[in-house]
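What follows is a group of structures, each given as structure tokens.
The two complexes that follow have chain A in common; it is paired with chain B in the first and with chain C in the second.
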Partner chain A sequence: MKTFYGTELPNPLMLGTAQYPSPAILERAFRDSGAGVATVSLRRESGAGQAFWQMIRDLGALILPNTAGCHTVKEAVTTAHMAREVFDTKWVKLELIGHTDSLQPDVFQLVETARILTEDGFQVFPYTTDDLIVGERLLGAGCEVLMPWGAPIGSGRGLNNTYALRAMRAEFPEVPLVIDAGVGLPSHAAQAMELGYDAVLLNTAVARAGDPAAMARAMMLAIQAGQLAHQADPIEARDMAEPSTPVIGKAFLS
Partner chain B sequence: MKIVLNGEPRQVQATTLTDLLAECGFTGRVATAVNEEFVPSSLRSGCTLNEGDRVEILSPMQGG
Partner chain C sequence: MTVWSVIGAGVAGLAVASELVARGAKVQVFDPGGPPGPHGCSWWAGGMLAPWCEFENAEEPVLRLGQNAIDWWAGRTRVHRRGTLVVANSRDLPDLRRFARRTEGLVDVNGPKITELEPDLNSFSKGLLFEAEAHLDPRQALRDLHRQLCDQGVVFHQKLAPPRLENAIDCRGLHAREVLHDLRGVKGEMLVIRCPDVTLTRPVRLLHPRMPLYIVPRGDGVYMLGATMIESEDSSRITARSMLELLSAAYALNPAFGEAEVLEIGVDLRPAFPDNLPRIRRLGHTIYANGLYRHGYLLAPALAQGVADLALDNKHSELVDEDRA
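After this line comes the complex of A and B, so read on.
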């Protein structure tokens, strides 16, 4: 199993902590699914931060702070430093948003920031597109993990470009790859794992579901099914039918 | 002295970042920045505040 900067994940589900109807439901989603990684952020202290931190620590999941909402290199670097101190981890999910509507990553600033942060000792998890050259540049900048989007954040559209994601898997066989963003259904998460991805990061699909805890568990089951299917070496799709029941020995009855 | 704390204008007595945290009741786990520069907790007591400084005090929050 691949490691993430030397750390083996307990399981391939990385679950966001935002948008849940209540802290109790958030907690249940983590407990019922067993998600191994929790993504978190930093915001202006309003009084709720300390209780949230206590709860997250009690979940026992690995903590992955993000730089969500950052639009510039400087903003992202400063946020990463603040997150490292508060969460006491070198891990950072690097988000450099390039477009307000699509929340598409600004891959140029992403590569630049990844280099700066790596040199500062961070272990960067870059939220990127499925572009192979950008992936290559991120690895060159020191990233040891890539997190291509399935679809825009919160869209729930699933894997928009399986061709590109398959190519990425083939291009970087040794690199831990995570589908980050766009997953709406367990079938999307299963598909990501069937493609050979190493983990799936999702938030909205669970937090905004009618029953977040049940959906979190469904995601975990789908991820496990997809992972097992990938390891089981699935058949290739074909255009024509092929009888599964033996033809030889069939009675002559017509 | 008047500063901008988390985007809001504020009149404070504190002259260092450490004193500001105490004055404003920030006792928990927070990260600080002054004028868009990160100030590690170890450097807060030596961080002198000036009129008009923009101070950001951030804490753990939900994220995706």
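After this line comes the complex of A and C, so read on.
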């Protein structure tokens, strides 16, 4: 199993902590799903959400702070430093928004910031597009994990471009890859794992579901199913039927 | 006769005092801040009595217990029973469908109907009307309760409650967290604006991916615009981002709001328990009533009834989660 900067994840579900109806429901979503990693945003709670942060720490999951909502290198670097202090971790999910409507990452600033943070001792999880060259540049900047989008953040559209995601998996066979953003349904999460991705990061699909705890559990089951299916070496799709029982000797022509 | 000492004169304390007095009990109130005012977070509330809308993102008791609030308040202050209108920008129509699916007590309204209900609203093609909902002016409601209680002989002490009071009911909100360790503050920001050019007659909610944005008419062209919900306990000031989002919402409802005067900026912390539902706890000689979160006016009546049930009749309402008398 691939490790994330030397850490083996308890399981491949990374679950966000924003937008839940209440902290109690958030806690239940983590408990019922067993999600191994909790992502947490710092920027909107600048410096004063101590009670909330303590609750996140008490979830018992690995904590991956993020720089959600940052639009510039400077903002992202400052937020990363704050995260390191608050959560005492080198991990940071680097999110650098380039476009207000699609929340598409600004990959140019992303690469630059990844380099700055890596040199500063951070272990960067970059939220990126499915562009191979950007992926290569991020690895060159010191990232050891890539987190391409499935679809725009919060859109719930699933994996928009499986061709590109498959290509990315093939291009970086040794790099831990995480589908980050766009997952709306468990089938999307299962598909990501079937493609050979190492983990799935999601938030809105669970937090805004009618029953977040049930949806979190459904996501975990789907992720496990997808992972198991990938390890089981699935069959190739074919154009024609292939009977599952031999037909030779049967009077099939009669 | 037992004298009950209510500590804190925010919406929780005043509602508890009012309910106790209505049941024939003798009450005194302690609050170093004096009569209701900007020092209490209920001063900054929206005053929507909207259990059906709130149910979209809250637990079931909010819907059930909140429905009694409209009549409870109508007996004590002026309540406007004009319903709530919920609208969404065309790009957010999936959110409107989801909102409708997740709650009840609504009818679909189309563009012409929306214009008929609120002629000054910018054109929206689809909306939801929650006809049974109501709203009040929270500051007027606090003043009315305060005046009625004074008239009924309740003494208000403008000072801290003396320590080790018997028969105390602690309604201090976030100040009680040294005892109620699972209480947290949730930051809320709001604006009061004046825009006589626009007439809205009922609360209007604009769906927004991150917060329920709403505008509540206060009469005379004054509107309350709220409210952010941020997991932060820093209540020092509003952020530019929050102000932008609040004002953008108003602007989306009617561009004439762009000319509004900003009268007030409110920032405070809502006291909340982990499930965002209120609680009643009896610890020794003190009953704690707290955690109204964003449902101060909606759930204060149920909280007050629960406290009175416990204090006067030793009956445990569903809001009582701990009793160590």
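Please note the rule applied: the second predicted complex is superposed on the first by the 243 of 254 C-alpha atoms of A that agree within 3 Å, B and C clash if a C-alpha of one lies under 4 Å from a C-alpha of the other, contacts with A are read in each partner's own complex, and residues count from 1 in each chain.
By our rule, contacts are C-beta pairs under 8 Å (C-beta built on N, C-alpha and C of every residue); 3 or more make two chains touch, one makes a residue touch a chain.
The model shown is predicted, which means the values in this text are computed figures rather than measured ones.
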With the two complexes superposed on chain A, say which partner A:T89 touches: chain B (first), chain C (second), both, or neither.
neither
Given the touch rule stated above, what does A:N66 touch, chain B (first), chain C (second), both, or neither?
first
Superposed model, chain A: greater residue contact from chain B or chain C
B
Kindly classify A:G210 by the partners it touches after superposition: chain B alone (first), chain C alone (second), both, or neither?
second
Could you say whether A:S22 touches chain B, chain C, both of them, or neither, answering first, second, both or neither?
second
Which of the two partners, first being chain B and second being chain C, lies in contact with A:Q50: first, second, both, or neither?
both
Check whether A:T78 is in contact with chain B, with chain C, with both or with neither, and answer first, second, both or neither.
first
Scan A:S187 for contacts with chain B and chain C and give back first, second, both or neither.
neither
On chain A, the footprints of chain B and chain C overlap at residues 19, 44-46, 48-50, 52, 154
Under the stated contact criterion, what part of chain A meets chain C in this complex?
19, 21-25, 27, 44-52, 55, 154, 208, 210
Within the complex, which stretch of chain B touches chain A?
6-7, 26, 28-33, 36-38, 40-41, 56-64
Per the touch rule, the chain C residues reaching chain A in their complex are 57-59, 98, 101-102, 184-185, 187, 209-210, 230-234, 272-277
Given the complex with chain B, which residues does chain A contribute to the contact?
16-20, 26, 39-46, 48-50, 52-53, 56, 65-66, 68, 74-75, 78, 81-83, 85-87, 153-154, 203-204
